[in-house]
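Paired with chain B in one complex and with chain C in the other, chain A is shared by the two complexes that follow.
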Partner chain A sequence: MNNSYSETENNSLPLDIKDIPVLRYPDFFDQVTLLLKNPANHCVNYYAAATTGAVKYFCCIADDIDKKIRILAHESDNNEQILMSLTPECPSMHIFEREIFENFGVEFRDHPWLKPVRYPQNRPDRSRVMDNYPFYEIESEELHEVGVGPVHAGVIEPGHFRFICNGEKVLHLEIQLGYQHRGIERLFQDLNSSLQRCILSESIAGDSSVAHGLAHSQLIESLAGPDVGETLQIERCIGLELERIAVHIGDTAALCGDVAYQLGQVTCEALRTVVINTMQFWCGNRFGKGLIRPGGTNYPLNDTIAEEILKNLDNIGRRFDRITSMIYSLPSVLARFEDIGTVTKQQALSTGAVGMTARTCGVLRDIRSTHPFQYYKYYPVSPAILDAGDVLARGKIRSLEVRESIRIVHDLIDQWRRTNREIGKPVYDYNLRPDSYAVSLIEGWRGEICHSAATDASGKIMHYKVKDPSLHNWMALALAVRDQEISDFPVCNKSFNLSYCGNDL
Partner chain B sequence: MAGFFLILITAFFFPGIILRIKSLASGRRGPGVFQPVKDIRVLLRKGSVFSNTTGLIFQIAPAIGLAGILCAALVIPFADQKAIISFQGDFVFFSYLLALGKFFSIISALDTGSSFEGMGANREALFSMLAEPAFFVLLATFAMLTGFTSFSDIFNHFYFSGNHYVLIYSIIGVYLFIQIAMIENSRLPVDDPKTHLELTMIHEVMILDNSGFDKALIHIGSYLKFAIYGALLYNVIVPSGWSIFLQASLFLAVQLIFAVIIGFAESFRARNKMNKNPKFILTLTVIALIAFMIILILTEKFI
Partner chain C sequence: MLKEIKVLSDHGWQSIKDLRNQPVSSIFRGRPVISDDITENEVIRVSDLCPSGAISGDSGGIDLGRCVFCRECEFCLPGKIRFTNDYRIATSSMEALVIKPGSDIRVRFDSSLVRSEVRKLFKGALKLRQVSAGGDNSCEMELAASGNVNFDLGRYGIEFTASPRHADGIVITGPITENMAKALQMTYDAVPAPKIIILAGTDAISGGIFKESPAVNRQFLDRRHIDLYVPGNPIHPLTFINGIMDLLGIKP
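This part shows the complex of A and B:
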């Protein structure tokens, strides 16, 4: 069976696309289910892409033990419109199959919930619109439906949430997204300028611009083949950790805001501002836009900036420790967080939850340690794991990760001081290796980000695929609010803090 | 008469002081004390927008609510003066004037046909219903202590009933009035007036559809309610019979302290989980009942 897939590693050389064996669907099906039966494996991306006259399916399965990424492929002509669904065997594949259904109209037999993820302009079935989508319904005199959104009262992105409630209790939540679809993947393919593609990657999800920017640059470097220097790798990791610190502190503020704990909210908001201002001091943008570019950077770290980062982080670390120990020991806050919105380990595994959400349910999903990239290859990270799976766990893991990230940045800056500090300018005219396929995995603050691309014979990007961690985790949110009070939904939602635009692309 | 005007005056400052205290407690400068009043001026100049699904009830409810609250303010005595409206059993009248406004606000929320507002109306009805016994048991305790059943007589004789334990009742009375005021005015820990999350709101979600002039009426009503409860607190704390100027300045001092207490209380805690609210409110009734039992025993009316 060894010739049924190709093996690669994260942040390494690309594969020759011709080397990836193309399986018949039954073999593909068997092989994928066989691989996913192994608990060390999880699917990082499964999608279909149009090639000349056919549709090609790629499934990337990451092995957390031997750090390999296995790539399986299947090709079908356009007539093949009905396939056996993988979802009954491996529930975490449901969202990928829904996306393939959305893009190519492929019917997956036995899929329990074949609903398009979004409604793009170029969808195969134009009669299918958001307005006539049949939401899940339960017929009963006692139950009532509450629809929230797509336009919300707060400054948040659009999304529609349909609750079925029995009084105050939520029986079922259906989440309808797709209002933010911008055609990101198609744009990657169509844009000719490498710089434009970089900027586009930073706009996939505004709160993860460093992570998505890095995933893109890493993919381009992988396809072009150069090895970036140690100094640049360290600086990228520092950028990534700063983003994690800033967002985690901001989320803690928002969690306090949702339960009307004013002191926690305003303190954390103030601390977050210091972190993003440090980022601005470094690269001129508070969200780190422009920091990550392929091959080099416009904003190399220097001693002044390194000192500023260390000074601010020490200050923030101390103050954040103090406020979080207050927040998580205040009875009125604990009453709102504890045992609210619990996701079980089983649910986390079957929804394919990634990142923080998985780590609060006792599932180790951290690309930094399982498929290390950039400087994490030489700097092992030990991720925090909690097992309660409730809002409190998702709050606490943020404070643990902030503390850990501050320590990592300290160590990385120490390492950086020992390097030769040779950093080039960004390279925008790489010649990508023709007929190649590459995968790039990054652990953003929200979870694993996967970018993958294939080039054609002339080295032009043939297809580009982005997967944001939110894609999996929205389902975990829908499960978490079952049997909870509807008034606890906002705080559950905030504890996941998922991306709407990352999901909608 | 003086009491009624003092209530009107404090209603001007009250919300601004709470806002200012909350800002200061969070390390910000915050808006001026008169900002809420300025906002009301802006709202009063605007027209109201009515949705197609609403009817007459939605349009008259804010006015009825404000009228009820203004009438209720007439029942509150000040110093040794009798209230403008005063008769035996007027505290029941007072309570149901406020309840009338609330009733109309609930049915006007249902009138909009929005699932959010229905949810809010349902919560508001439940929590007000649970808060009512605490208020009545407390007032019954006062009535038994003094032997009168109108606000004016109760408060005039409160400290002169010859009962040595009166301080205990005034402390319990102050505590309960503050808590009931917080519930009735939809403040922490039962409700959060600042939130933008419709699903967690109680009172705010019921007035989502109200705009312009009507919204101003609702806001004025809630400011007045604060001042009314503050006036009740003042009556419990300050014995009547001192000079009118001393009484007036004490009145303002009590109101100020009341607002400061609310501001601080809201700054350093989180709000309740929704299903903990009934328990929280019932506890108040229990405290009132315990006070009632104690007085039965102390005045030897029991057994």
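This part shows the complex of A and C:
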């Protein structure tokens, strides 16, 4: 037992918040750096939260070998405004420190770019506004800047992209976000009813409603303890895989659209429609909103739905395989995908990349396999790993994952048939365990999602933190387009398909 | 070449022929029906339960502009409240969005509220600029899907443009965040007059689950004429398309 941190596991019991050792900052700094030196470890969330008269820091480091999550804490009174930055030692911490800086005005000494992350409504420094974001600049007569957004040409979310270009070539891209900030974390604290918090969790990123909804319900179950049986666990995993299949096929359509391969685009669009309509057949919503609730569900799977899922997935799987084998062998497509927007393994590690972005750089980041939750605890998943790190790899991994997810759903439905099929109704009148701290990790289609919360002595939510995988991966996109033609930006962007609202919260 | 032909023949004819009457899953959550024998106590129960304040404690009516379509009121009072799969719920006025107890008729679209220039100028072709102002990307994806091979909104000359300068109006999604307020205003200003405003999704119509959030700033909507309200969480492409057809007076 180490007295520097507490240990927990994903999808398990909460910690007593008083048991988490509170370290002096130098010790906190040393422990975090020491843990992150071990390649098995990565930081799944690091943030600060206001307590009475103080600011408390929580750092959650996940160990992919022993499957533990270690929680380190530090507390400072409001006067402690300058801290040593972890970023020079552990670059992946850069975004977390930026967020703490923005939320609490803490200066991290030696941080390379302490810039706003999302301009939250309750930021202490109101002089920082969307209009005066401190973009990186290069003085030169040969270079020019290109600004794009917040409103983009397509039907997508807002964000601002600032390119510094040499001719057609991108030297540097900086991405300014925050336009979508809705005050989600604050609302988790303020909203009174548990149903409201469910609806809120499904709206963090609507394309990941099942994943974020599950991260929330799993966190609540950890803090409140309604037991979830095997049947419900399996059904949740099926929902998560359907979401993954739908988005991956849709992304493949979008990638084809960007390089004007219409056959690929329209075929995949139609296939995606079948998947989301299957979701609608199950729970009445094409994005799975309403499917995930704490303690139970309003939409238990039945034989008719299971048959429909299997029938549609078999058909889709066959057709998607055929079209992707064409997409990824067509010279005119390959010319636009191959060696474009490459992220190196080193870059993936140092930006803290997660999800497909990491897995296409030879880095295994998949919570289903490394910190299994729900039924994945009993059903090992072996994620596809590629190593080219380019647009082609990020396209191809989607086709591999669709195939694998269809296989998983088949297996899960087989398992499901063997269960007692007893599922309760959702539980909304739960009492959260007082003075507790819990972490919930989910592998959504986009990557690792982390929700964590602490309760006070009366069991009320004291703080609620959400981390969407996009928080890490936006930096990977910025690095990917360096030295690329600016005209390749759209296809690079699509290949990541990151969330604006998930980042902005 | 043979492979391509095989893909195309499997693909078949994807476009929905009758966008007015396309069947959707029976459990799709569209227009609710509230029984007229719902009691006062029952109304209070579901009004307290409703996560977005869509159910009036007085009348028992459900305001689709506020409803997040979670269906929990139906689960609470089965037999008294029932969500039908009627997706034709987009309309021209806030009042028409309120479903009263005992009512089981289609949401009324009041054509007299449509400005005369809208049908005159845009019936043959309507170009729209989409602005996501805090949307969660589900409404945005459904708007994009409206133009895909299945829904094919382009058949009526309706599509989304890359620039507001080329547009005849804007479609707003999301509760309108403070951080997006200025960009929304600038986009709207850049659209040449006459122009229309469509609110797509419950978040856009009322703020939805975010309506109390201090990070939201809905001033843009003050004193502005809204041409079309499209409820949903997210909107269904068919709701959007039928709403536009009603707005423009397009007969199938």
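Quick note on the criterion: the second predicted complex is superposed on the first by the 504 of 505 C-alpha atoms of A that agree within 3 Å, B and C clash if a C-alpha of one lies under 4 Å from a C-alpha of the other, contacts with A are read in each partner's own complex, and residues count from 1 in each chain.
In this text, contacts are C-beta pairs under 8 Å (C-beta built on N, C-alpha and C of every residue); 3 or more make two chains touch, one makes a residue touch a chain.
These numbers come from a predicted model, not from an experiment.
After superposition onto chain A, partners chain B and chain C are found to sit side by side with no clash. Contacts of A:L143 after superposition: neither chain B nor chain C is touched. Put simply, more of the residues of chain A are touched by C, taking chain B and chain C as the two choices. Of the two partner chains placed by the overlay, only chain C lies in contact with A:M130; chain B stays clear of it.
Of the two partner chains, neither chain B nor chain C is touched by A:A384. Once the two complexes are laid over each other on the shared chain, residue contacts for A:R336 go to chain B alone; chain C is not touched.
With both structures placed on the common chain, the touch criterion links A:C283 to chain C but leaves chain B unconnected. Contact with both chain B and chain C is seen for A:A153 once the two complexes are overlaid on the shared chain.
Judged by the touch definition given at the top, the superposed model places A:P120 against chain C, while chain B stays out of reach. Put simply, if you stand at the Cα centre of chain A and look at the Cα centres of chain B and chain C, the angle between them is 60 degrees to the nearest 10. By the touch criterion defined above, A:D207 lies against chain C but remains apart from chain B after alignment on the C-alpha atoms of chain A. Shared-chain residue A:T273: touches chain C; no touch with chain B.
Fitting both structures onto chain A leaves chain B and chain C with a minimum C-alpha separation of 5 Å. Shared interface residues of chain A, touching chain B in one complex and chain C in the other, are 153-154, 263, 266, 270.
Chain contact summary for the complex, chain C toward chain A: residues 3-4, 6-8, 10-11, 14, 24-25, 27-29, 49, 51-52, 68-72, 75, 83, 129-145, 148-150, 160, 162-164, 174-175, 177-180, 182-183, 187, 203, 208-210, 212-216, 233-234, 236.
Chain contact summary for the complex, chain A toward chain B: residues 144-148, 153-154, 168, 256, 258-263, 265-266, 270, 330, 332-333, 335-336, 340, 485-491.
Put simply, chain B touches chain A in their complex at residues 22, 25-28, 115-116, 118-119, 188-189, 192, 194-200, 266-276.
Across the interface of their complex, chain C is touched by residues 118-122, 130-131, 150-151, 153-158, 178-183, 186-187, 190-191, 193, 195-196, 198-200, 203-207, 209, 250, 263, 266-267, 269-270, 273, 277, 280-281, 283-287, 289-290, 298, 319, 322-323, 326, 425, 499-501, 504 of chain A.
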